[in-house]
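Here chain A shows up in two complexes: once beside chain B, once beside chain C.
For the complex of A and B:
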């Protein structure tokens, strides 16, 4: 099952940073629309580099097993669920 | 949900969040159809704290008065919303944490070069506490609505969702998501101060070598500043990935992106942002989510900048 990757198109700025940073070349650049597109979701290793580098926070992944170590503060994470 | 009653309270802040209610314009009529506003320092003359469903508290905790008011609001309201960046993160008042109350009093009242020196007030105004605190360090907060002020659309959505008993529609995207400037790679090799040159109005500030906090700031504003020629100053506070992960920070995230968009080195950008850290961290430095990061050394950065300035060098 490929990781489900969603790009919020209205938020994509066409900066290509996700295309550059992805280690498995999941993304391609649609030059005409100045948007990144998901070309090879099946290659995604869920490193989430694209989601982190995206200036807009426009990329989200679902149904994945993280392969990176995340050092998150649990108390602060709980607060995020309360953000309006 | 029966009739929804609302109390608002205003602690250490500029009043902008309360003015944002007035900025609902004619939409305030639909809010008033749905909720009954009781205590509200800008709209009603109620001094005490009547029981209410929702309490909107703006401002940081700066003195005993703020602390007591926050506790009273918590007692009176079923649901407390930290409203605006000051309540959520401490806001610009948080810069006071770099100095002691005595230093601040001396700078403002005794050594102020533009007014007649006078002793700090000792009556009627409660003295400053030693630290500026976000609201949730004093009372339990149910919901957070950052922004300076939060765009009326978010206040409206929050209140209507509460009335309708549903989850508000929110997202964690950044100011860049709403900005229309063209973000593209350029050959720019030098950082520029905002007073240098005239930025291209169509192109992303970062692409041009200007500092902009859009990519590290949660969008609770709909990006009016970059749309009108002003780089983002980060007034709604940091994005969630910065708030939750100790190894991510405002300056490093900007530098990561800017160094990929231009030919300016990452370290040079980080260094430059550290030298003006009081500006870039001004809205969020009082919250533990930013202030307790192991790499956040604002006192050291300020001392270095001051030392260079006094030596007549880079300032």
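For the complex of A and C:
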């Protein structure tokens, strides 16, 4: 299942930071409208760097795997017991 | 419940300790810190992959490496990734075979974020070393793992398994 990416058009300022930071070139710049557009959502690895870097918070992702904060995960803490 | 809480605290202490050591080593000896982490990773990769059947197939070797990590409860899982314009998962280059890997849950990334250290530092080289050690055992070949992008929720890396 590809990640669902939404760009809020009214918030996007066309700074192209998302285009530059994306390692798999998911975004493209619509030069006429000065907006970033999602060209290849299927290539998104859900690193979320675009969402973090966007100055206007215009990018949101859905249906992705959020990383585990393993130090808060009880099951994982129990597994790590053997190393501690 | 109390035991789990204690384990959590111990884990956090271990993470602070690990982060402090990595950060301190980087400050003290600079780039050489990456070499130390790399070698630690190589040793770990070789040790954990001992006894894994040899193969020439990079897909099988990656699957075996993944199983080794899972079996040992290491939160360092990865998956091969192919973008829409790549013809195949494994590509042949002048130096050898290349596969792009996505790392999602990662103990090191979470440790770095938890205590405000930067990514792509010496600790990240441990994974490079782990792959080098494991693939040396499983495929009998040298490899490198380049960090293409270190993201907040996932990292994108290029694995190159060199020709003999």
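Everything that follows uses one rule, which is that the second predicted complex is superposed on the first by the 65 of 84 C-alpha atoms of A that agree within 3 Å, B and C clash if a C-alpha of one lies under 4 Å from a C-alpha of the other, contacts with A are read in each partner's own complex, and residues count from 1 in each chain.
What we mean here is this: a contact is a pair of C-beta atoms (placed from the backbone, for glycine too) under 8 Å apart; a residue touches a chain by one contact, two chains touch by 3 or more.
Only a predicted model underlies this, so the values are computations on that prediction, with no experimental measurement involved.
Trainee: Report for A:49: first if it touches chain B alone, second if chain C alone, otherwise both or neither.
Mentor: second
Trainee: Would you sort A:58 into first (chain B), second (chain C), both or neither based on which partner it touches?
Mentor: After superposing on A, A:58 lies in contact with chain B but is clear of chain C.
Trainee: Report for A:17: first if it touches chain B alone, second if chain C alone, otherwise both or neither.
Mentor: A:17 contacts chain B only, not chain C.
Trainee: Could you tell me if A:40 is touching chain B, chain C, both of them or neither one (first, second, both, neither)?
Mentor: A:40 sits against chain C, while chain B stays out of touch.
Trainee: Take the contacts of chain A with chain B and those with chain C, and give the residues found in both.
Mentor: 52, 70-72, 76-77, 79-80, 82-84
Trainee: Which of the residues in chain A come into contact with chain B in the complex?
Mentor: Chain A residues touching chain B: 8, 10-11, 13-17, 20, 34, 52-53, 55-58, 70-73, 76-77, 79-80, 82-84.
Trainee: Going by the contact rule at the top, pick out the chain B residues touching chain A in the complex.
Mentor: Residue positions touching the partner: 81, 136, 141-146, 150, 154, 157-158, 168, 170-174, 176-179, 182-185, 204, 206, 214-215, 218, 239-241, 243-248, 256-257, 260-261, 288-289.
Trainee: Show me the residue ranges of chain C that touch chain A in the complex, using the header's touch definition.
Mentor: My answer: residues 4, 7-8, 10-12, 14-15, 73, 75, 81, 83-84, 102, 104-107, 109-110, 114, 148-149, 151-156.
Trainee: Chain C touches which residues of chain A in the complex?
Mentor: Against chain C, chain A makes touches at 21, 23-25, 40, 42-43, 45-49, 52, 64-72, 74, 76-84.
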